[in-house]
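As written, the chain order gives the labels A, B and C, with residue 1 at the start of each chain.
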Amino acid sequence: MKGISMMSMRSGFTWSVIGLCAGLLISIEARGQAPSPGATLFEKRCYSCHNIGSGDKKGPDLKGVTLRRSRDWLHEYIKSPAAMNRRGDPEARALFKKFAPEVMPDQDITDEQIDAILALIDELTRKNETFVPAGAKLSRPVTPADIDLGRQLFVGRRALSNGGPACISCHTVSGVGRLGGGTLGPDLTAVNVKYRDPELIAILQNPNFPTMKTVFGTRPLTDEEIVQLFAYLQNVKPAHPTTQALAGIARIEPWFVTIGFVVLLGAIIGLNVIWKSRLRGVREPLVRRSTS
Amino acid sequence: MMDNLLFVIFPYAAVLLAVVATAQRYFKSGFSYSSLSSQFLESGELFYGSVAWHFGIIAVLIGHLIGLLFPERVLWFNGVPVRLYILESTGLLFGLLALVGIVSLLVRRIVSARVRAVTTPMDVIVLVLLLIQVALGVYTAIFYRWGSSWYAAVAVPYLRSLLALRPDVQLIAPLPWVVKLHIVNAYLLVAIFGFSRLVHMLVFPVQYLWRPYQLVIWNWNRWRIRGQAPALSQQPVEASEPIREPMTRRRPAFTR
Amino acid sequence: MDVRLQISMVFHLDKCIGCHTCSIACKNVWTDRKGAEYMWWNNVETKPGTGYPTAWEDQSKYKGGWEQRNGQPELRMGRKSSRLINLFHNPHLPKLDDYYEPWTYRYEDLFDSPEGADQPTARPISMITGKPIDIEAGPNWDDDLGGSPVYAANDPNLEGFSPEQREELFDVERLVFFYLPRICNHCLNPACVAACPSGAIYKRGEDGIVLINQERCRAWRMCVTACPYKKTYYNWSTGKSEKCILCFPRLETGQAPACFHSCVGRIRYLGALLYDADRLLETLNVADEKLVEAHRELILDPFDPYVQAEALKNGIDDQAIEAAQRSPVYKYVKEWRLALPLHPEFRTLPMLFYVPPLLPVMARAEQGLYDTSDKELFAPIDKARVPMEYLARLFAGGNVELVRYSLKKQYAVRLFKRMDTVGDIDRALVKRALQEVEASEDEAEQIFRLTSLPTMTERFVIPPSHREEALAMLTQDLWEEKGGAGLGFREPPTRGA
């Protein structure tokens, strides 16, 4: 994990500079457009998992969805996909099946808000444009120093100001610690490959994923922290170009398990040593001794 | 809906059931409060089973409790990855120890004829539920690491919301089914607590540490009955007497 | 002076015929329940022998009783904290197999066997599992020296004996053994009380009986290890520990305990003793050989007016003091110094005393002939077939003089009565004998009467327990008790879930 050669370090650095510049450009480009209400809502609530016109993410690309499904269906589904699935709606079932294990959480959303979002989708579909998040911009340009600061935040060395837990609690990236990071959430090594920069920034601002939504809902990242984490996450894959980020979650760290078992063995031996003079019977050994 | 049932209604019902059943059993049939030791019948395997199990599970439960009481401290402690790894490794060790213990106990209870003779269905249920609980816990620790951190971040707020009577199930609803089963199984164990041998946890004799060695009980207040005042040498012995004193006197009491 | 009453016992081992009636009486009254089949609150052992449980006297294995550590008595099991840590598995708990696996016979086999060429037999089956077992041990497996190369040869009291001394004991023509009936000693410094983590065992103040509160017992099974006499037993079915209760329901109604009452040889004596609880600690701290004497010092003279005054002040009623004055135990233990406690070096201050057996000391075999006379006065004592050392290890903490004194006195009484009834012994000889044991003829006569011709009321002097006073304490208003349902509703003691 940590065996970074001088070559890859330098190339990693190069890549990170390129990535930073790209991010800077995109963030500048996205600046200055006043977003519509639907766009604000979409960005905040849906963008973590859905694109419009850029392909499936965790959830399906929503371009043209108003043409595919009826308004009523959409209203009902958005409010509670699970209920529709349970009810046995064939389209809901098909969606659940296609995107399993991802599950769209129930949304606490009004009909007016849904209409605003659908209006946005209509507009972009009509104009054949892709959705670009408005707020997905960094508060300031990234500097190389931010990479290490971001790592400190990731690992929990420095606590997040609003009280959120450190990323390493649930996420791992290549090279973080000898035994890696958490595996409750997905491996974030290639997250900058999976998500384009605006998406990544949007996620950092509003992680609308199931568990993260509730944990970070009341404890969002500050702008400064977003910049630093963005820098760090951008740098991970370039710094470890050869490691494969495994899809999905639940990956074992062999060293961790090995340590556990070795110490377990030691503990059991220790128990035997501490209590080695425990009574193992008096009569039977006596009879055996005397009759042998 | 299912989440609400399992993670909001069930815990409250389980706690209520546990409190009522435990208290009622203590006062009405205190005789049944016993750790029901079977060491006399089979001692060899029990050593590995009981000692490993108890040491393991007590450490694990204390860990869970510390997480419940001081989640921010835990997260701060885990801020240095090495510390996180040490904590998690220690936790895994005790979890595995508990696992080894409970498997050993369960196998022993099934295989040993003498122990079978004193086994009730509830004993087996308790062992199986505990095995499931520990197995799921160890699985979580290995596959969904780092449990100590996200337990403090995700599960503890949920548990606290339960304790504050403002349950928020959204925190744990999206967790993997293994973790959710671990939580539900815990509630199940709480629910059957008062009906099983688990009550022996409540009567752990911590008072033994400061109790004087000897215990003498009079069935009646001799001085009141006989109408005599106690002589000077008969001053009631306080509990602060040195432990070495072989004889001491307890306040007259009738054991009810 | 903290005067307390203790119901104490004397067993006269010269009279014990080893019929085990006492064991059966107790078994039928108290321990024929599920979980208690293997328990023998009263058991009779053959000495030399390993006893029940096997080799119980070997405290290096069983870790029972107290020992002196840093000048203070401490449980041999270990410190309090170690008892709590060992709660999950007591490393010094004797196994069931050290007692024996209780068995019965499948009598149905006698009726239900299919027709065949062989006689049907009733197979032995375990009372725990119900499965057929091979019988390997019983509560008195080495009774009458059965299996002596295995059991008696490993008697813990023989440790350190030279091969010649062991020869003496096991040589066929010089073979000798005696019986040792044992019950709970209801000690003054019980190790079981001290070891119980939940405080379920307690000593009753009124009469000194040690009991286990069945509601408070939590099956931590520390008491089983702690008792050096192994007289607390774990009930494997109910998950509670049990022990001899000295038949306190009988005592409270003026009847002797079941084992005492049923004793065929009439070896058992029961009486009250007054002792000074303030001096317990100093008594415990003396050296092994001095323990018996210190123990005797602890026992107070019920005729002493100062003691009587203190006893009355302490709430002991005058009828109890009067019972202490008539106590046969006081005579055997304090006045005549004939009775000795069992293994005083365990430092529990047991209140059950034994009169060591004279055994067939009168006859020595010489060239195939028995010679019943002797030129030397007490020669038969020193040439007794059971080595004095052995008896001293059992009864006097190694102090041979105490045992010798007791045996000499018994022998002197014999000489006295032989002179009296047979007349073939010189009176001067008898006088010298009595002088040497510091006894008058009157005392010798008393000893004779109490040993050989006691009535039941002379043997069992039970102080009245005045339960009606306890009742007055329990309910402030006796009208409440009158017309009530007696002791209240009780659930039958069943095993917890």
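To be clear about the criterion, a residue touches a chain if its C-beta (ideal position, glycine included) is under 8 Å from a C-beta of that chain, and two chains touch if they have at least 3 such contacts.
Just so it is clear, the structure is predicted and the values come from calculations on it, not from any experiment.
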Let me spell it out: compute each chain's centre from its C-alpha atoms, then which one is farthest from subunit C's centre? A
Taking each chain's centre as the average of its Cα atoms, which chain lies closest to the overall Cα centroid? B
Provide the C-alpha centroid distance between subunit A and subunit B, rounded to the nearest whole angstrom. 36
So how far apart, in whole Å, are subunit A and subunit C when each is placed at the average of its C-alpha atoms? 75
With centres defined as the mean C-alpha position, give me the subunit B-subunit C separation in Å. 40
Residues of subunit A touching 2+ other chains? 275, 278-279
Going by residue number, subunit B touches two or more other chains at 43, 47, 51
What are the residues of subunit C that contact at least two other chains? 89, 91, 93, 95
Can you list the residues on subunit B that touch subunit C in the complex? 28-41, 43, 46-47, 50-51, 53-55, 113-114, 116-118, 120, 122, 195-197, 199-200, 203-209, 211, 213-226, 228, 230-231, 233-234, 244-247, 249-250, 252, 254-255
Subunit B - residues contacting subunit A, complex: 43-44, 47-48, 51-52, 72, 75-76, 78-82, 84-85, 88-89, 92-93, 95-97, 100, 142-146, 149-150, 152-154, 157, 168, 170-171, 173-176
Residues of subunit A touching subunit B in their complex? 103, 105, 155-159, 163-166, 168-170, 176-184, 209-211, 213-215, 249-253, 256-257, 259-261, 263-264, 267-268, 271, 275, 278-280
Touching subunit B in the complex, subunit C uses residues 1-2, 72-73, 80-81, 83-84, 87-91, 93, 95-96, 126, 128-131, 188-190, 193-194, 197-199, 201-206, 213-221, 224, 234, 236-240, 277-278, 280-281, 284, 310, 312-317, 469-470, 472-474, 491, 493-497
Residues on subunit C engaged by subunit A in the complex (per definition of touch): 50, 53-55, 58, 61-63, 89, 91-95, 97-98, 136-137, 149-151, 153-154
